[in-house]
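Two complexes follow with subunit A in common, the first pairing it with subunit B and the second with subunit C.
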Partner chain A sequence: MIEQDLNKLEEKSIYLIREANAKFKKIGMLWSMGKDSTTMVSLVRKAFLGKVPFPVIHIDNGIDFPETYKFRDDLVKKWNMKLIVAKSRIQPEMTGFSCCGSNKTVALKKLMDEEGFDAIIVSIRRDEHGIRSKERYMSLRDKDFKWNYKDQKAELWNNYTTKTDRGEHIRIHPLLDWNEIDIWNYIMRYKVPLNPLYFSKEGQRFRSLGCTHCTNAIKSNAKTVEQIVDELRGTKEEERAGRQQDKEKAYIMEKLRALGYM
Partner chain B sequence: MEKRLVSMLGEKDHGKSTLIGQLLILTGSTTEERVAEVRKANKGKRFEPAFILDSFSEEREQEMTIETTRADVIYKGNVFELIDVPGHLELIKNMISGASNAEMAILLVSAKPGEKFQPQTKRHIYLAKLLGVESLIVAINKMDTVKYDRSKYEAMEREVRDYLGLIGFDRRVDYIPISAYDGENLVKRSSKMPWYRGSTMIELLERTLEAEIRSHKPDGKLRILVQDSIETDRGLGHFGVVYSGSIELSKKVRVEPSGATATVSGLYLKGKPVKKAGRGSSIVFAVKGSAKVSRGDIVYDPDVEVKASNSFGCRVFLIKEFDTKSKDAVIKVNNIELHVESLVPDEVVSPVTAESLEFGRVLEPNNSVVGKIRIKERYPLESFQSFKEFGRFALYSGHEFVGLGIVE
Partner chain C sequence: MAAKTKQAGRKPASNPIVERLNASPTSANWAAFSRALKRSRAKYYRAFYPKRLKGKEDLTTAHISIYDSAYKEMYRIPVFVRDKGLFEGATIHLKGLLLNRKVG
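Let's turn to the complex of A and B:
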């Protein structure tokens, strides 16, 4: 697992966040309360001298872990953030792909129409999944939320797609260059508050967090950020091994993303 | 640990993905599980190293690369992030997006009878030069299909060398015969080509990296690109990125395009006050004095000899046709938009033959235009030679990306 220069990564992310803020009318930021999007919020605070100028959005299907809800409410207070909860309705007969597709994506679409966001910040990383490595820093989604990944806009020399037609929006990806271990090194260096589910309890912890239905814990004794970093340096297991949606079929993530999933 | 982006170049099917896959395997940069998985999925068929790359699962059905993909090859503590790009002509904008940040490139040319040195390969080289690639490794691939014949390799090398001479490619170039599929000359010296006495592919990457570090220019004078301005608790602050040099409290600076001078009165890095910030920093700064600072401005040391202008010599590679009288053309430089008054070509050149072509008001795609660009506002562009970050631009017609250019 390659550890990159944290300073360079931070500077680039802060640059991208500020560039987005300068170019878009109304930005929302997805916050799942996971390690990546919480790192993202921390970077936004650095970019704007301690303030979070965009609302943070939780797409809530009602079946996140209790620890996650508590963590959310505590941090919203501590960091003085504006929280928007987009309720999505869980359908009991659905799992994995159809569940994520219908619930989270539909709820986000509804919210974006209501709020009139022309861009949202999403905390994906290139190393997470093959198809995510094909994203741009600023990627266009059409009015039906579709990602036309076979015909993306060019992105070169810090020139990004920032113009949208009616109903389209841009996904902003300031963490695209980061690897999983970089996120943990950042959390360690700056003591970023974290959802307690990431730390080992009775020999198990979560390495990647989704909702209660589709996320499984991994075996681990890592009880601190330092221990997690040590654990990751020795692992060969893939990060999203505990996530249902990635396993169903090889091309499922591609489908999900093309349909607008985060 | 040093990390460098290395772009792959070359025509479709000349072996770009195979070379990346094989380098990942031979340097141990991928897990054994991953290799076993690919073997299993490909049971009964020829093992394809190209499939090692995760992302290719989505593109296997079509047997071609659509979008760029990256893979890290780790060797003796250095990391080479290899960027695979599509070889197809119609996907050239994706190739540009992938290759635009790389300073090193590997060009693949197939020695296989019938595959040859293609026009598309020449376009890739031409673009690499325009994009600012500093060093090129030319790999004559598929040597297994010509029985590792020295004369075949030399003929191919000469052909590439002639083309590089034709377009005046003045950067570092190395040549190497390989078989990406069989792993010949990649990490170990090939016993099948004893006549080749040069370095292996991985050694060439290492040596190129070392040469690049050695030739690294000192930081130079201050250049800050202003992104935005905000009200802070202590007054007006400006967001900016330090592209070169360094900024300090109390330093005198000049702002272009206005030409006004000012003194730095406040400086923040990562949200905290600091006295000094260097290259690559995303800063917040404030100035004393009457100078107005706003988005797109560039802040210099007062003695930097760059002045704003509205007319520049340029070389533009078009990927779409372009109407020279277009009313809605813009160029973007580091995401700052400048409106184009006119593009006046002196010459249109084919990147394949380096010959001058006839042209009319509407210019054809896939050629290179040498001429003058006039913009509606004054802006401090520099020549690509003297400072590349402020001497290159993307050209748009309305929302559509139509080409890329450099200031000459």
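Let's turn to the complex of A and C:
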């Protein structure tokens, strides 16, 4: 795993966050209480001198880990954030895509209509999955949340897509260039608070966090951030190997994401 | 001489709040369970999903086991809350419990 210059990564991310704040009227920030989105919130605090000017959005399917809910409530209080919980309320007869895809997308669509967000900050990284590597720093979604990944504007000389028609919105991805180990180096440098499930207990920890259904633990004895960084430097396993949703075939994931699945 | 009959072993004391929750996981029953959970000696939880979640209805086949500090299973509860058109997961009611990582 290649460790990049953290100062340059931070500068770029903070630039994107401030640019988004200047260009868009109403921004929301998706927060899953994972290490990436919590790092993103920390960067927003750096960008705006300790404040989080955008509401953080938790798409709640009701089956997250209890530790995740506790961490959410504690950090919202500590960092004085405005939290919006979008509940994915699904009728029992609904079938089709797995609960993660359709439930969360439907909940987000409903929330965006209600709140009128024209941009959403999302903490995805290019190295997480092949389809995510096709994203732009500011990526257009149409009114149906669809993404035309085959026809996207090149982002040359810091020119980003900021204009939208009615119903469209922009997904902002400030962490696109970061690797997993860059995230952990940042957490180590700035002592970012984290969900305790990332740390080993009884020989197991979670490398990537989802809900109680779709996340498997890995064998690890890393109990501190420093130990996790050391562990990552020697691992060859993929970060999201324990996430069931990523076991879908790559072309299916591409199709789902193009249709608006998160 | 009358045949001696073996006395049946004592069953563990049932918890009426847990029984009501299992019979009908409504919001009110979950609230009552949450209050009881805080007073109890429960420390760990673990969710078990026998089937892949293709739809929320599959939550009805899942359960959560609650364990005490010695990792002994205390009782089993549902994973969802169902109440007047509402049907969603209910793990938020277990805030404060820790994941039992000893079970696979």
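Just so it is clear, the second predicted complex is superposed on the first by the 254 of 262 C-alpha atoms of A that agree within 3 Å, B and C clash if a C-alpha of one lies under 4 Å from a C-alpha of the other, contacts with A are read in each partner's own complex, and residues count from 1 in each chain.
Everything below uses one rule, namely that contacts are C-beta pairs under 8 Å (C-beta built on N, C-alpha and C of every residue); 3 or more make two chains touch, one makes a residue touch a chain.
Everything quoted here is computed from the prediction, not taken from an experiment.
Enquirer: Go through the superposed model and pick first if A:28 touches only subunit B, second if only subunit C, both, or neither.
Expert: Touch status of A:28: no partner.
Enquirer: Touching A:10 in the superposition: subunit B (first), subunit C (second), both, neither?
Expert: first
Enquirer: Could you look at A:46 and tell me whether it touches subunit B, subunit C, both or neither (first, second, both, neither)?
Expert: Once the two structures are laid over each other on A, A:46 reaches subunit B alone.
Enquirer: Applying the document's definition of touch, where does A:18 land relative to subunit B and subunit C: first, second, both, or neither?
Expert: First partner only.
Enquirer: Touch check for A:126: first (subunit B), second (subunit C), both, or neither?
Expert: In the superposition, A:126 contacts subunit B only.
Enquirer: Would you check which partner chain A:156 touches, where first means subunit B only, second means subunit C only, and both and neither mean what they say?
Expert: Only subunit B is touched by A:156; subunit C is not.
Enquirer: For A:134, is the partner it touches subunit B (first), subunit C (second), both, or none of the two (neither)?
Expert: Touch partner of A:134: subunit B, not subunit C.
Enquirer: When both complexes are superposed, which of subunit B and subunit C contacts more residues belonging to subunit A?
Expert: B
Enquirer: Is A:2 in contact with subunit B, with subunit C, with both, or with neither (first, second, both, neither)?
Expert: Touch partner of A:2: subunit B, not subunit C.
Enquirer: Mind sorting out which residues of subunit A both subunit B and subunit C touch, each in its own complex?
Expert: After superposing on chain A, no subunit A residue contacts both subunit B and subunit C.
Enquirer: If we count contacts the way the header does, which residues on subunit B are in touch with subunit A in the complex?
Expert: On the subunit B side, the touching residues are 3, 31, 33, 53-58, 66-70, 72, 74, 79, 93-94, 96-97, 100-101, 131, 227-228, 230, 232, 237, 239, 241, 268, 270-271, 280-282, 284, 295, 332-335, 389, 392-394, 399, 401, 404.
Enquirer: Name, in rising order, each residue of subunit A that touches subunit C in their complex.
Expert: 60-67, 69-70, 73, 87-96, 98-100, 103, 197, 201-204, 211-214, 217, 244
Enquirer: Residues of subunit A touching subunit B in their complex?
Expert: 2, 4-5, 7-8, 10-12, 14-15, 18-19, 21-23, 45-50, 126, 129-131, 133-134, 136, 149-150, 152-160, 162-163, 165, 236, 250-251, 254
Enquirer: Which subunit C residues qualify as touching subunit A in the complex?
Expert: 45, 47, 49, 52-57, 59, 62, 79-81, 86-92, 94-99, 101-102
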